[in-house]
Amino acid sequence: MAFYPKSMLTLVTEAVLENDLVELFNERKIRGWTIVAARGKGAHGEKRGNFDANENIQIELITDTASAEALAEEIMQRFGEHFALVQWLSEVRVLRGEKF
Amino acid sequence: MQIDPVVLFFLLGLAAGLAKSDLKLPSALYDTLSVFLLLAIGIKGGLALAKQPIMDVLPQAMLVLLMGAIIPLLLYPLLRIRLSQVDAASIAAHYGSTSVVTFAVCVAYLSRLNISYESQTTLFLVLLEMPALVVGVILSRLKGSAAGAAKQAGHGWGKLLHEVLLGKSVVLLIGGLLIGLIAGPQGIQPLDRMYLDLFKPVLTLFLLEMGLVVAGKFGILRQHGALVLAIGVGVPLALSWIGIGFGLMMGLSPGGVVLLATLAASASYIAAPAAMRMAVPQANPALSLGAALGVTFPFNLLVGIPVYHQFTMLFF
Amino acid sequence: MQIDPVVLFFLLGLAAGLAKSDLKLPSALYDTLSVFLLLAIGIKGGLALAKQPIMDVLPQAMLVLLMGAIIPLLLYPLLRIRLSQVDAASIAAHYGSTSVVTFAVCVAYLSRLNISYESQTTLFLVLLEMPALVVGVILSRLKGSAAGAAKQAGHGWGKLLHEVLLGKSVVLLIGGLLIGLIAGPQGIQPLDRMYLDLFKPVLTLFLLEMGLVVAGKFGILRQHGALVLAIGVGVPLALSWIGIGFGLMMGLSPGGVVLLATLAASASYIAAPAAMRMAVPQANPALSLGAALGVTFPFNLLVGIPVYHQFTMLFF
Amino acid sequence: MQIDPVVLFFLLGLAAGLAKSDLKLPSALYDTLSVFLLLAIGIKGGLALAKQPIMDVLPQAMLVLLMGAIIPLLLYPLLRIRLSQVDAASIAAHYGSTSVVTFAVCVAYLSRLNISYESQTTLFLVLLEMPALVVGVILSRLKGSAAGAAKQAGHGWGKLLHEVLLGKSVVLLIGGLLIGLIAGPQGIQPLDRMYLDLFKPVLTLFLLEMGLVVAGKFGILRQHGALVLAIGVGVPLALSWIGIGFGLMMGLSPGGVVLLATLAASASYIAAPAAMRMAVPQANPALSLGAALGVTFPFNLLVGIPVYHQFTMLFF
Amino acid sequence: MAFYPKSMLTLVTEAVLENDLVELFNERKIRGWTIVAARGKGAHGEKRGNFDANENIQIELITDTASAEALAEEIMQRFGEHFALVQWLSEVRVLRGEKF
Amino acid sequence: MAFYPKSMLTLVTEAVLENDLVELFNERKIRGWTIVAARGKGAHGEKRGNFDANENIQIELITDTASAEALAEEIMQRFGEHFALVQWLSEVRVLRGEKF
């Protein structure tokens, strides 16, 4: 079996944005993603996830590099200024390259 | 002044948090307790409504809705003196809406003193949840610049109204209200073992958690200091008079007036933060949560409620 | 027909889910509530068993086990008309097993109408949990091709039986049964404050969550449309007659027959999905869950139970 | 000997765990239940204290604190025969502290036999939580080498005391105690529906989880075998005599002596593991948890409590 | 201290497979892994983790590249066809290379 | 928009160390991190997270390579010997490089 190079975009952001992001992914025809509950600290202070308005989520999303970069930039522009948001790209190899 | 036992749990949480104890409650518990409290309050409101001819309550309900809309409108220009448009709109919405737990503690306070109150006050709580949020959204949209960030994030009118009308607390309060109304006392009776009998004990666990959360917000006080403190203490004191005014206008009993004063003076920290985060993302949530949760919430629990009681007694 | 209050909570969840409210219950709460309900039902069954000479219940228990095994065998060839072997086997197993919550809602329905029923019906629920799963596994193994995927995944007979016999719901139901049987009414009495008194109120929270879950399954309906709808409504209606038949054979009272009809007509969505995922991974879980949870569950709650009651009354 | 129903839930969890059932309780539930049990016990202790002149309880309280400090000091040299300094110190601290759940099961045991006991025993439980942990920390610091690892990890005296004094269980027990003391029986009464009535039923869920956890610890037994088994059975049997000795010294009733023996014989698995992990990171937690949780906990539940009762009756 | 290059295999799959996978890891003498609760969307629809049969898990597992690739292929073959499953490989550097 | 190369340090360790680690991050002027609840298996046996003393956490922390390596080594030295601990470094690309 062959492994295909892809890019993974990881986002850590406020849980209130989940609906917006999922909508955006659907619009951009992203075919899959994974969400994990997270807490953390950053420029917007501590997010302990101990109550509603204070939760983070971490989203991982594998796609081709160009789409990942474009998506990261769009998310940055829409939400980067006013919401807690950190994004990073990393390189991964996947089986079944056609899935992504 | 003797402190209500439920408030002791808040102090325990506060003390544990400030002492940096490793005590923490799972967030699933917090979520569960708030679902429970909101549903229970909603059901209670529905039962109150079921008990009396709707026409008797309607004028009062209208006045309450009016109060919920007026509070942010009065507060906004005042807050603008020191705050940006977005922060003023956000804080105004927080204080126009209400805190279910503060209400519950006030009910416990009145019960302990054997002061009776109108059963429809629970309905008022449900009604007050939403109008201020709508007004807050409108305020934040008044001028182009403030609406910019929300638009940039794709949060148009439709999304914001959806958030306000279908937020967790509104859904549970209104849902509970309808269930109570439809099922009536006989239908709800088999559920009393939980929604009625366990209300106060469950409140203790919730207050324990709130103490821990508030302790975590004290850092904000250090940062924004005097301003947050002034808002957190001054605003509820001022708003309590509006509540008293409306209460007298409605012809409520002393207990009812104290509850309405407390509702006016309390600030939302469940529905408002989520809705305002969407509507005015530029607003600093540390400011609004710091004031509403870090100052006003403990202030009302420990000092405010008896004070509003004193205020009220000037008129009886 | 007046709706039971517990069902209103289901409708609230359903409405909130369909309106895309941000209301959600923590998954830890769902897990906790299902552990509670399964244990409570198991204990109740054990107490029922403790109350009467085992020899009196044994023949009835045998018939119930038989019914559990027969249902999937009857259903399978019918479903094969339109479905693949694996989907037919999986769905047959889902409908052969039962839904604890549907049973509980039926008990609430009977109580509200003051209709009595045999205490051993709770035991029947426990007994019905498993046989259909075993039959479902066997069916899925009948021909080489269907067994292939499970074998490929390393799920041999041993693993599948382990999954069926030691799944969470079987363990809690049987475990509760044994505890109730050993401890007896005196032993369990100090636990009544929770396992008995809180059963119905806890059920409301569970139904609220089920409403949210079912709303999430409506997308499946749009996809698989008519077929899922036909199965989800047709199968329980047909199976209720089998339940009525067995109930009459056992000489149950009208209330007991309605409960058995409801057990026959209800489909498992806790034990069966997990077991079938292991046994027939090729089967489409959207089909079986869509029918069992998305259609049959609300159908039984809202329409089925009173209808089975009508059916039953034809014989009394 | 008839087994208490609550213990049956432990056995169910144990059986499910050993059979590798997929039953598991969400960790949020475990956390919630332990917060509840600790608070409830603390409150009960506070109410006991509120009922009697503090001067009457003070001498007994002193003796109990002494017992808590003496147990690890007696145990340490004994354990040193076969164990390293760090493991001996850690295990000594575990056994000097107590298990809230074992205490609760002993209370259930006495209630079932209609044996009365002094209300201040609940206070003793609270008092015993901490001293052994302090002694354990001191023991682990006695010689340079043992203190090394903690220092290397940056766990100085300050941090360790913080961990011991402000660990979750100490905060909840002492906090509950103060709440019970301040609020008094009248103040707590509205909370009884939960903290009193639900105590035993909630204990059943906790014991179910403990059964699952203990089953997971049986692997350790296979590894460390005889030694862990010898400690887990031998130490509580020996310590029960110390409890009996102190109980007689204090002039307790038979029931009170049995409870003190059980407290002495039980080992902490909430406060101690966390504190010792910080104080002596080199100690093998598999050893201490294996003995305290894997052996002593089930031993006390199933065998120990009745045996300590027998021991006690030699003196009455 | 030196950092050693290793490969990390990450799997996102249905929670019902956890026992099977842990068994497989033990058979293949994998010495460690980390599991996190996850939800997500993919070809098998949305997994919200809000009830039993609908949960995902994410497993991370560091080992040498050859083992990671072999394991990914074996998992793919056993579970890829019928279960919700996404796997990716990424390159990491670890201290204490002998642990993996 | 430009993407800047950074290093991500990921730690999986016992939950009891969370306070210590956060303190260390603050001392070392780390500006952000993300924490996720985890369970797993390693040289210190299985951590199921089903009760207090048995929980893992996974911490992700993006910074420049030198700081990440130095931090990993310091954590290794302080906690590596006696606590369950696995750390790995990976290469990521971020927007807003000045945030990290």
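Labels A, B, C, D, E and F are assigned to the chains in the order they are written; within every chain, residues are numbered from 1.
FYI, contacts are C-beta pairs under 8 Å (C-beta built on N, C-alpha and C of every residue); 3 or more make two chains touch, one makes a residue touch a chain.
Keep in mind that what you see is a predicted model, and the values were worked out from it rather than measured.
Novice: What's the minimum number of touch steps needed to get from chain B to chain F?
Specialist: 2
Novice: Is it true that over half of the residue numbers where chain E touches chain F are used by both copies, so same, or is it different?
Specialist: different
Novice: Roughly how big is the turn, in degrees to the nearest 5, that lines up chain B with chain C by CA atoms?
Specialist: The best-fit rotation has an angle of 120 degrees.
Novice: Can you name the chain that lies farthest from chain B, using the mean of each chain's Cα atoms as its centre?
Specialist: E
Novice: Could you please state the distance in Å, as a whole number, between where the Cα atoms of chain C are centred and where those of chain F are centred?
Specialist: Whole-Å distance between the two chain centres: 45.
Novice: Using CA atom averages as chain centres, what separation in Å is found between chain C and chain D?
Specialist: Distance between chain centres, rounded to whole Å: 41 Å.
Novice: Can you tell me which residues of chain C touch two or more of the remaining chains?
Specialist: Residues 22, 24-28, 31, 168, 274.
Novice: Check each residue of chain F and list the ones that touch at least two other chains.
Specialist: Within chain F, the residues that touch at least two other chains are 36-37, 90-91.
Novice: Between which chains does touch occur?
Specialist: A-B, A-E, A-F, B-C, B-D, C-D, C-E, D-F, E-F
Novice: Taking the complex as given, what residues does chain E use to touch chain C?
Specialist: Touch residues, chain E against chain C: 14, 16, 20, 23-24, 45-46, 48-53, 55, 77-79, 81-83.
Novice: Chain C touches which residues of chain D in the complex?
Specialist: 3-5, 8-9, 12, 15-16, 19-29, 108, 197-198, 200-202, 204-205, 208
Novice: Using the touch rule from the top, collect the residues of chain F that touch chain E in their complex.
Specialist: My answer: residues 10, 12, 36-43, 56, 58, 69, 72-73, 76, 80, 86-91.
Novice: Residues of chain C touching chain E in their complex?
Specialist: Contact set of chain C toward chain E: 24-25, 27, 30-31, 34, 149, 152-155, 168, 209, 212-213, 216, 269-270, 273-274, 277-278, 281-282, 285-286, 289.
Novice: Spell out the residues on chain A that touch chain E in their complex, using ranges where they run on.
Specialist: Listed in rising order, the residues are 1, 3, 6, 8, 22, 25, 31-37, 62, 90-96, 99.
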